[in-house]
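Alright, structures below, take your time with them.
Shared chain: subunit A. Partners: subunit B in the first complex, subunit C in the second.
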Partner chain A sequence: MKPIILQGHERSLTQIVFNAEGDLLFSASKDVGVNVWFTSNGERLGTFNGHNGTVWTVAVDSQSRYLVTGSADNTMRLWDVQTGKCLKVWEFLTAVKRVAWSEDDSMILSITEQRQGQQSMLRIYSINREDPTNQSNTPINEINISTYGPKATVALFAPLSDVIITGHESGKIAKYDVKTGEEIQRTNESHFGEITDIQLSPDGTYFITSSKDKTAKLFDVETLDEMKGYVTETPLNSACIAPLRPYVILGGGQEAMNVTTTGQRAGKFEARFWHKLFEEEVGRVRGHFGPINTLAVHPQGKAYASGAEDGFVRVHWFDESYFRSRPFGDLEPEVEV
Partner chain B sequence: MTSEANGYTADYDEEEQIDLQAELDAGFADIELKYAVDTQQGFENVIVVDNTPIVDDSKKDLLLKRLREKFVNSGAPIEEDRIQMPWDDEAKTNKGFLFLTYPTAQEAENALRALDGLAFGKKNTLYANRFGDIERYANLPVGEGELPTGWRDKPYVEKEHLRSWLADPAGRDQYLTFRDQEVNILWNGRNGSAEPLRDTDGKVVKNSKWGELYLQWSPLGTYLASLHRVGVALWSGPKLDGPVGVHMLRFTHPGVRLVQFSPCENYLVTWAEEPLENYEDHANPALRETFSADDEGSQYVVWDVKTCRVLRTFAAEKPVQKGDEPPRLQWPAFKWSPDDKYVARCLVNQAIQVYELPSMGLLDKKTIKIEGVQDFEWCPMSEKDWEARKAGKGRECMFVYWQPEAANQPARVSVMGIPSRNVLRSKNLFNVTDCKFYWQNQGDYLCVKVDRHARKAKSKKATFCNLELFRVREKDFPIEVIEHKDYVPQFAWEPQGNRFAIVSSNDPNYGQQIPGVVVKYNIDFYQLDTKKGDFACIRHLDGKMANTLIWSPKGRHIVLATIGSSTKYDIEFWDLDLTTDDNPSRREAEPGANVTLLGTGEHYGITDIAWDPSGRYLATSASAWRQSPEPGFKIFDFKGTELVANQLDRFKQFLWRSRPPTLLSKDTQRKVRKELKEYSRQFDEDDAAEENRGSAEKLAQRQRDIAEWDAWRSRNVSKLADARKSRGKEIHKAVEHVEEEEKVEEWIEELIDETEEVVV
Partner chain C sequence: MKDWTAEEDPEELPPPSETTVDGITTIITWKLDEHDRKVKVTRRVRRKMQTQNVSHTVAERRRLPKFGDDKGKATGPDRKTTIVGENIHFKVAPVSAKANEAAAEPDAPKLAAGKAVICRLCKGGHFTAKCPFKDSLAAIENVDMDDGGEAPAADGMGGILARGAGAGGKYVPPGQRAGGGAGESMYRNRDDLPTLRITSLSTDAEDEDLRELFAPFGKVARANVVRDRETRESKGFGFVSFESRRDAEKALQKMNGHGYDSLILSVSWSLPREQR
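Presenting the complex of A and B:
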């Protein structure tokens, strides 16, 4: 499995996402640029210029038409994927930490940082797809997360887009109703450290969270029941669920501030493949020389990509042997595409 | 009381009479108490000397004379008329004790100390007591056969078998892992399968208290010692738990940091950095009862394991500063003779103090004064020595010590016998920087590794090395010297064998501590040539990274490891006697011909390495205590196959449970070895069955996992699909059409050559 190394960022990666077809990869980093790449050969297709600070988050709609990004310059921007034009700028009082699309591409969410006396806010905007430059400045709903407890760090729309699932600084996971803005469910005991990433399964019935408490877990979308847990020995920054094969991919590593004090191997910067059901590690992929900040998997399960503190994105197309291998014999659960 | 006696109270009714009487009685008691004669007062200057010889009239004067002489010689002179010897008129002999009335209480007190335990003649030992004490102890407020007040009756609890773990049908060894606060004890099965230790009821043996500081097995594996802030606890029996005082022994020593067992597990030495305080008025009864005021300021405590009582406490010696190095704590500070009879410590530059057990008194009440003594080491005992000892024969205990050069005197290594204090052998040495002692574990050989410096060198830094090999079983301990021109940092005897291995280095970077530079070492194996009777090098390995030698406890196999390096973590498994079935005769051919590298391994961040007691498995661990970048442990078999690899965050300790020596006689062992093929067939079958069962269990568990998951998912998926349908929100996923794979063609234009020509 020879990786394609994408060198286009000057600072560490913050989030990467594949589009629905898996032929494009969008990457956001602590420098001000957002890049889009061809996943097949690693060629850079273009950049989205306009932000004036760290771009914390990036999300693309299911038709690869519009891109939304959130940045430390206190703005959220909507872009035309094809032309690279900025269509809309929303301004806030604090940095935008997370954005996400609803599954029908009609809404986006944004999480703004709790800082300078500002509360942790979750806002939901409706997107005008017909006239993209004409977007409303007022959200259709605004949820003050701080009134329910610790600030939110990550979020996504549950299938059907009725609720939003959030991960919080304390390890709490909660569900908020999109219409009423109320917290309808929460679980405090699953994680004991900041939730660093949340990604939905291909079929939308469960999701994975990664946390600084060195674990990643699978939850039922419906009930928030903890289904599976993966305990590693390093803080995790990202996790995703691979389609086609029964694996989850976890990434993390020693805190960036400690990296220079130890060797590359001691930093535990590998991407780890765990068996989704048996909760056993099946393999590791080395290569980064900084902690992995973000992982994304090809929607058809043919590849995965990792973005790290070292400023590189590595795209790995799975070998034939990955699909053939049966580390636990003939035991094969159903897998989703 | 009759009514006449109480005539004057006849006016009162019965009840009032009783009250009155009680009042009177109480009054009398007060008066009696007030004017009671204290038998202990006024006799402070009288002591009673007991256990004198019993003589008749004819020898009475002679005995008195001798006794007086003895008293004078012992430093407690007394005039004749102050001695009283009670006489038994019926038997016409003395009664066997004396009263000595000294002029002052102070003198009596001195005499008490001088005379108690004094040997008189060959048979008698005199016992001295205060006169008042005899009165006091004779009149203890308890009758015959009764127990004194404050006696706590403890029900008798039968001990379970302390060595039950040895009865494991598969002959497995146990190991302990300590991670974060959690301690697990596991059976090490074949091929790295681990099974938690269970007690007789099938409950997993576990204790949340174990993970406080650290743990240690006793040398024969009977006890698990756990260190706590308040002291040491020893756990034993099949549960490693149980009633206090039976399977759980407590040794209260606040702030204890180090613990050491005696070789036969009878005694314990503990050390705390903080000296003991005066606990006489301490709120904790355990402390009050354990230590007396005399123990104040002590750091070392010697305990009897079975009774959990203090035998003696010691204050710490001032650590001796060597060069510019910061003073280091010598541990073990107390070294035990292999039979638990003596314990000794070295007062550097002065003497060796040998204490007898269980009294913990100085041997012959005298320290062994040795000018300049630096260090010493007891000689171990072999199986044969034990048998000889039981039969009342065999050699006495011995230790070796060394003195450095001083004022025209050469340095000297000597072997001394205990209790005789005879110097059995000594040897003069020159230009010595340091000496290290290595006894072969059967006590057959002794190697003194002498680090030497050049004769005229200004700094006394050791640059080369002599190995002085004593053959202790032969008459007068013949010594052979192997001069090594390089520095030798490591030496190791083969257990039960006559071979040893050394690590030497002629790398100029050795000892420089240059980061990033890997020091190269040479490794040599030596063997005793039984015909010539001297040691010869049988194999030389050049340019190795390994700096640590670990022999298998059964000999033959040795592991070379690189520990403490920041770049190399190699482990090499060597066999010194590898013979294949097709040429069994090669063994006799020549020594060293069969030294073979069996395999290699690696453990990133390794800090510790240990063989299991059977020599079948080797465990390497990386401890978070030593800042290992990747804490965890691995288990290899003796061939170097990695069986277990566990990377565990905050992993601290890995410990094999040690084993007592085998109870099988030499003949039985030989028989077992001979019939090994027969046994191994049986074992192979067992192993196969075990493996099948294990994998079947796992398989079933996994199948359950899959079934659960699939059921849950299909339920949820259909629920979601229904919800979608009801809202008419079916989504069309970007499913890729199964068309021919898109081919991305890349044109690469390469400019091979470019020339510019001017066309006229």
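Presenting the complex of A and C:
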């Protein structure tokens, strides 16, 4: 497995995402740039220039036409993926921490930071796909997360896009109705630390969360029941579910502030592969020189990418042996290749 | 008549040429160095065509013009932003608690195992009969059982123990730590790793065979067979780098003189370039 190392950022990565076909990778970082790369050879297609602060979050629609980004310059922007043009700027009073697309690409959500007397807000916007420069400034719904408890850090649209699932600073996981804006379900004891990432499974029936409490967990979308848990020895910053094979990939490492006082090994900056069902660790991929901040997996399960505090993105295309692997031998079904 | 003025003019560079013989392409390009002297650059590469079936939308996106900071740049990866890293050996297998311990303290010598079960072959925590390396190691072990495989464990370990924490738990910069040279870097120098040179190797052996052969002794960082640049035929020797010096020493002891594919391997330390 030869990683492709992408060095397009000067500061640590905040989020990376693949598009639906897996041929493009979008990366956002604490410098002002957003980059898009061809995953097959690591060539950079372009940069999206315009933000004036840390870009916290990036999301691409399923047709790879529009990109939405949220930044610490208190704006959310809509971009044309093919030309890099900025189509729309929404302005807020605090930083935008998370954005996501709905399943049918007709809506986006944004989470703004709770700061300077502002509440943690979840806003849902309708996207005009025919005339992309003509977008509404007013959200179709606005949910004040702070009235329900601690602030939200991550969110995504559940399948069918009638519900939004959020992860919170306290470790709480909740569901909000897109139409009414009400909290319809919550679990307070899911995690005991800030939830750092949330990603949906390929079939959309369950999702994975990673947390600063050093665990990652699988939850049922319908009931929010905890299905599986993966306990590691470092705070986790990201987690994703690999399609095709029964693995989840977890990434994290020591807090950035402690990195300079320890070596690469002690920091545990590897991406960890865990068996999804047996909850056992099955492999590690090292290479980063700082904690992994964000992980993304190719939608067809052929590759995964990691972005870290060291400012590098590493794209790994899986070897053939990965697809034939049966780490627990006869306990697992025969693999057909 | 030949135009002799052309040769005098340093600005005029011969056009680049490309010739293909037996699948090997020779690319000759010319450039001027800092003193305006002509430099001929010859690169010989073997090109392999790789076809990939992709959907129409993906194929269309491949033809998109670059934008933003990359506007107007040539197609193909830019070396400034994209590099291909070193090969990572990634095998999906259960990571046992024992392996975790070893990773935490990679250089700490194994303390007395007490009554715990120890495999006679690989020194793992299981019965010898259940050793996963039974087939490959049994033969090796018999070759020089009397030499006492345990001997070298203490050598070369002196300074490393103090490496992690400095005296009194004070922070010690990596460069000043006992046993450690410079700090760790993302691009590890290949001379930093304990490397063995394996000669009289069967020409049929591949990189992976070499790795498999040496894997029982410890974590193999790199294993490669030296090949002819043009014919890609093995030259009959190769290099294996271990993550830890102790493992390398163990492998050197056990594998030197070991029979492999009807040849007797000769294993020695690989010397840095200037010493060879």
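Throughout what follows, the second predicted complex is superposed on the first by the 329 of 337 C-alpha atoms of A that agree within 3 Å, B and C clash if a C-alpha of one lies under 4 Å from a C-alpha of the other, contacts with A are read in each partner's own complex, and residues count from 1 in each chain.
Here, contacts are C-beta pairs under 8 Å (C-beta built on N, C-alpha and C of every residue); 3 or more make two chains touch, one makes a residue touch a chain.
The structure presented is a predicted model; accordingly, all values stated were derived computationally and were not measured.
Taken together in the superposed arrangement on subunit A, subunit B and subunit C clash.
By the touch criterion defined above, A:P299 reaches subunit B but does not reach subunit C.
Within the superposed three-chain model, A:Q7 lies in touch with subunit C and out of touch with subunit B [touch as defined at top]. Judged by the touch definition given at the top, the superposed model places A:E142 against neither subunit B nor subunit C. Touch criterion not met for A:E182: it reaches neither subunit B nor subunit C.
Counted by residues of subunit A touched, the larger count belongs to C, out of subunit B and subunit C. In the superposition on chain A, A:E21 contacts both subunit B and subunit C. In the superposed pair of complexes, A:F328 makes contact with subunit B and with subunit C alike.
In the superposition on chain A, A:E91 contacts neither subunit B nor subunit C.
In the superposed model, A:N41 makes contact with both subunit B and subunit C.
The contact surfaces that subunit B and subunit C form on subunit A in the two complexes overlap at residues 21, 40-41, 263, 265-266, 328.
Put simply, subunit C touches subunit A in their complex at residues 52, 54-55, 57-58, 61-62, 64, 66-71, 75-78, 80-95, 103-104, 106, 164, 171, 174, 184-186.
The residues of subunit A lying in touch with subunit B in their complex are 20-21, 40-41, 62, 103-104, 159-160, 203-206, 214, 220-222, 227, 233-234, 262-263, 265-266, 268, 277-278, 299-300, 328-329, 331-334, 337.
Contact residues on subunit A toward subunit C in their complex (touch as defined above): 1-8, 21, 23-24, 33, 37-38, 40-49, 64, 82-84, 247, 261, 263-266, 273, 280-287, 289, 310, 312, 314, 316, 318-319, 321-322, 325, 327-328. Taken together, the subunit B residues at the contact with subunit A in this complex read 566, 604-605, 629-632, 647-649, 699, 702-703, 705-706, 709-710, 712-714, 716-717, 719-720, 723-724, 727, 729, 731, 733-736, 742, 744, 746.
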